[in-house]
Amino acid sequence: DDALRVGSRTFTSRLLVGTGKYKDLTETRDAVEASGAEIITVAIRRTNIGQNPDEPNLLDVIPLDRYTLLPNTAGCYSAKEAVRTCRLARELLDGHNLVKLEVLGDEKTLFPHVLETLSAAETLIADGFEVMVYTNDDPIIARRLEEMGCVAVMPLAAPIGSGLGIRNPYNILEIIENAQVPIIVDAGVGTASDAAVAMELGCDGVLMNTAIAAAKRPVLMASAMRKAIEAGREAFLAGRMPRKRYASASSPIDGTFF
Amino acid sequence: DDALRVGSRTFTSRLLVGTGKYKDLTETRDAVEASGAEIITVAIRRTNIGQNPDEPNLLDVIPLDRYTLLPNTAGCYSAKEAVRTCRLARELLDGHNLVKLEVLGDEKTLFPHVLETLSAAETLIADGFEVMVYTNDDPIIARRLEEMGCVAVMPLAAPIGSGLGIRNPYNILEIIENAQVPIIVDAGVGTASDAAVAMELGCDGVLMNTAIAAAKRPVLMASAMRKAIEAGREAFLAGRMPRKRYASASSPIDGTFF
Amino acid sequence: DDALRVGSRTFTSRLLVGTGKYKDLTETRDAVEASGAEIITVAIRRTNIGQNPDEPNLLDVIPLDRYTLLPNTAGCYSAKEAVRTCRLARELLDGHNLVKLEVLGDEKTLFPHVLETLSAAETLIADGFEVMVYTNDDPIIARRLEEMGCVAVMPLAAPIGSGLGIRNPYNILEIIENAQVPIIVDAGVGTASDAAVAMELGCDGVLMNTAIAAAKRPVLMASAMRKAIEAGREAFLAGRMPRKRYASASSPIDGTFF
Amino acid sequence: DDALRVGSRTFTSRLLVGTGKYKDLTETRDAVEASGAEIITVAIRRTNIGQNPDEPNLLDVIPLDRYTLLPNTAGCYSAKEAVRTCRLARELLDGHNLVKLEVLGDEKTLFPHVLETLSAAETLIADGFEVMVYTNDDPIIARRLEEMGCVAVMPLAAPIGSGLGIRNPYNILEIIENAQVPIIVDAGVGTASDAAVAMELGCDGVLMNTAIAAAKRPVLMASAMRKAIEAGREAFLAGRMPRKRYASASSPIDGTFF
């Protein structure tokens, strides 16, 4: 048994996916299915999950009896907007209280605004939400978010939509080693090996959207990501061989040169 | 259909594994099975495949009706030794002509000796062998080995037994882009993401031994590697998103800074 | 003319150095001199600059008519402690108002505590200090510190005393491109090339202590750092050649593979 | 005293530069002078050093009483051509016997052709030349070139004209640790920090051309390179601090994670 526990819920898959940027809802559905993801995040301000009864509804292809929806606050630049968006999501989804909080600091880089994020997290937790929170890779901020009661801390690997992979594995590792809640890398993964690297570091999961949706063949990439997440998790649990300069070296490399 | 064709043979799996360094033959068997590998390489000078009738025989756990055995010349430091070893293997295996040639240049680093390798390859090909050849990552040498008639070229990712991953992806990519035969990364892979990276570059396969056998839990690592190879292959075929500094960047990063 | 302007002061050297961890004051003096640094940072809580009249005084080897002293708040874990320490320094130094603010979040990693840092910066600026501020590499936080009126923003390259070099050049570059005040990399540089890399990114300066003091030959390393800072600055101003896969490539590498 | 000894000659500078790709001979002269180089390499097949009496002569700006000319065989794709070019150079330069041998394997990548290189080196050494030799970064090949009698071994950092920096520091380090002759990185350096990194590894020198000539301001880049080489050399001799995850870590990082 190697389950992922987030707040009051338990999951088998450690891959979380978004629903943006696909050609159409059919492709969204096929990619989500190929990914094996159980938690599907949705940008409430950009996605129709019933607000517009006459338009295509995401829930037609992501049925709530099969997936756990994770409403997110993409596009919010203040605590106030983010809190309002979460409350709207809860209403639309009949009291569903699991949300992904993201408050952005900048339209260009989409970096998190950690001060507004801390403020919104405090309000949302007091209001009964289970908050998964997008943040930077600062270990001190991550710890504070955990202490406040966030159910998962989600540091970025790299800027949203960049596909650059984990820019600072030291920080991510530091966050993981000090955490009691799941650490889920969010944003910046570009290809399968990036996802595997995150899991090998000991992350509890990875959330991605563009890496799948902006691949030339999204459904095949979704399958690749599913396998990469499993591969990385198994490699982490299996305990990798030490790195050495060569087989005959009596001790692992000690980092004095590279 | 995405088969791997090596000389006259066709395979589904793109992971090739060795049989050294396991605790016992049971662990060897279980790891090989978990890896999904179809091609199993064996160091003829160190492994009993019938030379010593009274000792445990590898073929009891790696049956020839299920796996393709790939005799290798590990431990040979000259063309002469390597050729003799291949001929011995052919005798022991009733005319089996597929071999992995490796001629080492150095006991410490186990780097290939490309001059002796070229010489041995020439002799073996003239003698009717199908030669898969371990070499350095020099694109000019790789092309020459292909031109001589080797059925697969196998550049090292990093020194044998080092677990350092692909040290020079530029060279590996250069080799891949110019090759008509399969390019199979051999040696140096340390964990699952390393294998995925190799496949994402466009390698046709990866051969490994220590990364599995020296993991704390070899059978689980074998499973991780199987998935990583598939993940990397699918990601390669799926066509990854471009790398950008951030989502709003209008063009991919142009490499002028990092 | 390529001067470094920090608040109301102007400097020629872009290397700032600390005074901790040396064998004795003679070595401190020789290393500082070899570094060519004009701004010398001093941990007020750990260094005698007159508080203990009977003990060796740093100012005997770092005379105030030759160097600009930069009192820092190393060892402070709250805004309150840091503010008190800056005020103590100002008293000891006859009204000197330039300080380096650092508020730490963790005794193990010595990561900055950005929330306490923001709070302390606000108080100090209102109290007439010119604040150079140690922070993480979050571009949003860096911008806020600049908007508050800090005279220089000093993101970490890597944890204090780690010698790991710039862990996340993307973030440092993002900070640089958006700043109107000097960006000075502080903490984490390990050797000369790390300092050069920082300057090539466009940093305005680098502050270091351990990289010099913990080298086997500190005075020689100080000289190396002086040259590396100048080399990196000149390379930045000279405009480096584009990166390409090879000379004949018609366009720079586009980042789609590595 | 930290002199560079190459064959029968001794030098102070560890930066070797080429003369190609400059706007005109004035820029060539100014850049060479700013670099502080004492050894200047010249492509005999492309440069007028007296073959064409009516055209501008490089020797007018690179006087032989001030610099050591290092004729090279750029543009040669066979041992035969390279040997002929060296002999021509010796005639043109009144018996000057120091040459840089390069035999290329490919017009696209300009990778060395090590087999032709070995053949040419043998002939040239027998013919009384002091041979500095451009090669790949294979430690076994490097050792063989040294054993044959080459006076310096010059592995590539990256493809000629690529500006990618040292692609495989492990191989370069392996070559350095096993050599009795100078190891001079040749080709691939792109900016000042690349040069510093090479020297910090323990290289005896660096040869470059494009990194200076193709900078926006070549003369300033030449100055940067001079300082970077000195900085890297001093940092190597000074003995850098160990890398650690953070200051409080009791031992250096052991390479098990990155």
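Going by the order they are written in, the chains are A, B, C and D; count residues from 1 in each one.
Here is the rule we use: a contact is a pair of C-beta atoms (placed from the backbone, for glycine too) under 8 Å apart; a residue touches a chain by one contact, two chains touch by 3 or more.
Being a predicted model, the structure only gives us computed values, none of them experimental.
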Seminar exercise, completed: Computed over C-alpha atoms, the centroid farthest from that of chain B is that of chain C
Exercise. Residue numbers at the chain A-chain B interface: does the shared fraction exceed half, giving same, or fall under half, giving different?
Worked result: same
Exercise. Could you state the distance in Å from the CA-based centre of chain B to that of chain C?
Worked result: 47
Exercise. When the C-alpha atoms of chain A and chain B are each averaged to a single point, how far apart are the two points in Å?
Worked result: 35
For this session: Measure off the straight-line distance from the CA centroid of chain A to the CA centroid of chain C, and report it in whole Å.
Result: 34
Exercise. By residue number and range, which residues of chain B touch two or more other chains?
Worked result: 109, 159, 164, 170, 174, 240, 242-245
Seminar exercise, completed: chain A partner, complex, touching residues on chain C are 105-106, 109, 111-115, 118, 136, 138-141, 144, 158-159, 164, 167-168, 170-171, 174
Exercise. Across the complex, what residues on chain D touch chain C?
Worked result: 107-110, 159-164, 190-193, 195-197, 200, 210-211, 214-218, 220-221, 223-228, 230-235, 237-249
